[in-house]
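Two complexes are shown next, each including chain A; its partner changes from chain B in the first to chain C in the second.
On to the complex of A and B.
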């Protein structure tokens, strides 16, 4: 504080030390994001977050972006702790590397809200709440979409399906596959899942996986992909083989390419996950935590089903 | 005033003047724009600044020698990532299972050795083939990054060891562990460059390689040693940083080479070699971290930070050029 006094004295303008003009009730919330600009999901997320904060007179936000760099994100966490914000929202660049920084915040009695992708379990003790999509429910809903379609087509007792999962090791991939595999036998007990292969979130890889499936199995009635990017890769393979007709494609995280394929009638359905909902849920979770409300540790926002039947209710995803 | 005195004063002092300017600007702007009630020049904040400068700063010290030499090393970011992977992965190797927490120094040692070995490889190729260091280390940058991805695919390599984290987060005499490493490295490289034959040779080679050869300096081995030093420092930077964070993404350290070179150039080291100072590089490192921190403090976004640093870099190079014009066209103020 001494340094500050010297500074203020030396510069007359600093007489206006009514710093920040923040009233006592205003909640100051800092957010450090993963990598804004790397894809339009994250860009839309940031815009929505800022818009939501501006719409709320009780909230002031510090919006930071780590640019995908773990070192920068840790430095930003330290800066936010130093600035004594009331709560920190973090979109982890790496679910484990940020744990010590999150611990520092919790030691400084600043509640931390993790957004979009959770940190590893070792860090759960230091986190107030996780706000993001529920991947198990997403998987289960995809199973329901698939089953409902089979019932419409009258093939629910004989259908054979394949699964293209996300990158091995990723929580999102594991949970979506788990949700799908658990729910499917409950709703459509006679549908058989003949094989699962990872598509690594990659469209080209998924296309190759699907090509192999098409050679191996003469009868494929449905494909479940861990996200639309992979689902569209599988669709491309089926198109090339001339076998799109009669296959029900269901994905998750509706991408623009998936939405367009649905418009063309080639792709059946997906799960609609909006970055706007994601951002608003994160801010709301932080506000609820600060207001002392009872917030569940895993605070999911809703990700509804989208199919060719109801897609007009949703705007086309920007990513 | 003797002609040239002003120029040389400006050259040496420019970076520190710039830092003072930044401090004044962010302190004033912070009063109006920052959400925080705390001043920018709060002591704790300045201590954090030093700590956050460490990852780039430690490598920048090595880059200063290499650039004074007239070379460059673009592979430091990849060495940084590879050393981090060795560090975190070796903590759980079964052969070390009996060591308990004594595995930590072993893992540190292995990571540092890997850094030295990769640096030696760069240096050896530059020495034996005579290919420009820019090209050699550009290849190494891609190649070493390839190794990083081969090690664990796209997935992060992780091992969180709380003993290690507690050590890395410790504060001794108020300074963080990382700060101590940064200061020690700066001091060591300063001694090396100003008090030893090796340091004087580095300037000689950078100034005029042919003359250095004629003077009997063994240029090849000299350059190889410098590449080993920067390899060691890139690994040391990784060791210090990842002790605290415990998980490395395969693309970590990307663009570090550019930030490091930016810091060194801001500090006044010439790309053509022969001139430069370790202390000024330290100033360059602080200037960059101050900008990042300060712009964050007043609520500017990351793209603004990059834009401002880019503009300042060009301004610095222009000023340097003006100050180095001899004779009639010399800068007059």
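On to the complex of A and C.
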């Protein structure tokens, strides 16, 4: 068994990083990530995960990356089951398609921890715990940031806002929009959300959407973007049209560009979500599950509000 | 003119079916939202389309020569990331030529593989689509690339500048379209491109060096992509690694919509420009109508098929033409 582990590990050597030292009580935890390198969040996540594992002498990790490919992720799940790791952490490439592989792991008595974005509900039975941000709460908090700002400006009874959401069909995009749209009428019942269009997590696409909004609506008081990357795209469009003044920009997942725009006073607020917290929470959840501790099924880590008022309490994001 | 016969109209439609389709969409969208046809909106659509448009100009050459280029999206991401990164280390004066040199080297590699090793262009450029994406990610380490001092550099002129109220990206697009339009229609090189794509064997017997012509087409495509990357970088002064992802298909759609044949040998720069504008105005028009966005994917497709059908039907002189 030992030899087989070593062999299969060396076969996949290009994709593998093995950290930590083997010993009798060592927990062997495998992780298959979504797509490292596609953006800075995922790159930082991987670095933080490996660092956290190296810092813990009781943990040995097998780090894999699916490169955004569902088929490869399913194969990696099977590899990890073959290697008989103690627990598997998965960052799903697709919330539906990975369920059979997750079920297989669960049937092999290997607890599965889902990280960052959850799988679809029909797979919940096979999952030990989900560790990640609460996107609905993030959306709700963005609504509160927006509303509080309108109250400061005294326009909470007439403000009109537009929303630029993430890629259609993605859970994160849907949940943030849902959280925002549900919370806004509770805190600011007279603010109107006049239109929502997707920016596909893409700054350039978001800029085009905002250009169209600026043509279509003469009065825009606020823009809610599903992440700061898109928020900055919208800000660029408003800057080009000379209409930044008087528009409150609120995003989510504070990026370095968003943080800088806040420093310049052009961008109002966002949600601070650290990939380091995300990675450490995932590893800790796996350790807690293996140690037999009582872990909630939805094990959220906190993602606080950040605005121009309190931004000095936060370090500038590295991504 | 009152005696313009049915035949004259038919002839006009046959030559300019895509223009008629274009005019119909413009009228339709304007009725749906009068703001569609305001100067501000038109400028903003053409400016947004300029990046896609510049890329489509180069791909037009490749398609007419009878080949495909699916690597332009990844290559545009590459150019954008490289020029942004080099800007902060070398300064804009050196970063721009360095980026052009690197992008042209990629184009030369593709041209060599397709032209001189006679490998299938679909396979080569499909492979390059992911290879160049990987190259970009390796180069950047996956991080977003941003210029440090966004207000203190003249790099912004290509994407954000204006001359006489007209945004610079539009001017670059139109100038390149005019230049490449002349190259394609009026120079010996342009005629060679048509000959190679239209009838390769005949081209060889006419003494045309096909490999070199194909090689040059890919080099032109890479030069256009580098220009597009420069506009992109200058417009947002920062970028994700995936900025051009998926654009290869939009570019191809624009070229085909303009009436270029995927089999090679036909197409013009002017019609590609119309194809680009149709795509740009559809996207913008649907946004202004406020159509629910899941429906937009469907409607965009329906409009493209409608345009292609109108164009083909006009050329054939009949609407109904089953495969027989």
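We take it that the second predicted complex is superposed on the first by the 295 of 319 C-alpha atoms of A that agree within 3 Å, B and C clash if a C-alpha of one lies under 4 Å from a C-alpha of the other, contacts with A are read in each partner's own complex, and residues count from 1 in each chain.
Note that contacts are C-beta pairs under 8 Å (C-beta built on N, C-alpha and C of every residue); 3 or more make two chains touch, one makes a residue touch a chain.
Nothing here was measured: the structure is a model prediction, and the numbers come from that model.
Novice: I'd like to know which partner A:208 touches here: chain B for first, chain C for second, both or neither.
Specialist: second
Novice: Output check: A:187 vs chain B and chain C. Expected answer is one of first, second, both, neither. What do you get?
Specialist: neither
Novice: State whether A:36 touches chain B only (first), chain C only (second), both chains, or neither.
Specialist: A:36: touches chain B and chain C.
Novice: So which one touches more of the residues on chain A, chain B or chain C?
Specialist: B
Novice: So, does A:276 touch the first partner chain B, the second partner chain C, both, or neither?
Specialist: Neither partner.
Novice: Could you look at A:51 and tell me whether it touches chain B, chain C, both or neither (first, second, both, neither)?
Specialist: Neither partner.
Novice: Using the superposition on chain A as set up above, list the residues of chain A that contact both chain B and chain C.
Specialist: 36-37
Novice: For chain A, which residues count as touching chain B in their complex?
Specialist: Spelled out, the residues of chain A in touch with chain B are 1-4, 7, 11, 13-14, 16-17, 19-20, 22, 28, 36-37, 60-72, 74-76, 78-79, 82-85, 93-101, 104, 120, 122, 167, 169, 200.
Novice: Show which residues of chain C lie in contact with chain A when the two form their complex.
Specialist: 33, 35, 38, 40-41, 44, 48, 51, 137, 141-144, 146, 160, 232, 235-236, 238-243, 283-284, 287-288, 290, 293-294
Novice: Provide the residue numbers of chain A that touch chain C in the complex, in ascending order.
Specialist: Contact set of chain A toward chain C: 36-40, 42-43, 168, 195-198, 202-204, 207-209, 211-213, 215-216, 229, 232-233, 236, 240, 255-257, 319.
Novice: Where on chain B does chain A make contact in their complex?
Specialist: Residues 24, 27-28, 30-32, 34-39, 41-46, 48, 51-52, 55, 154-156, 158, 160, 165, 168-169, 241-242, 244-249, 251-252, 255, 292-293, 296-297, 299, 301-303 of chain B touch chain A in their complex.
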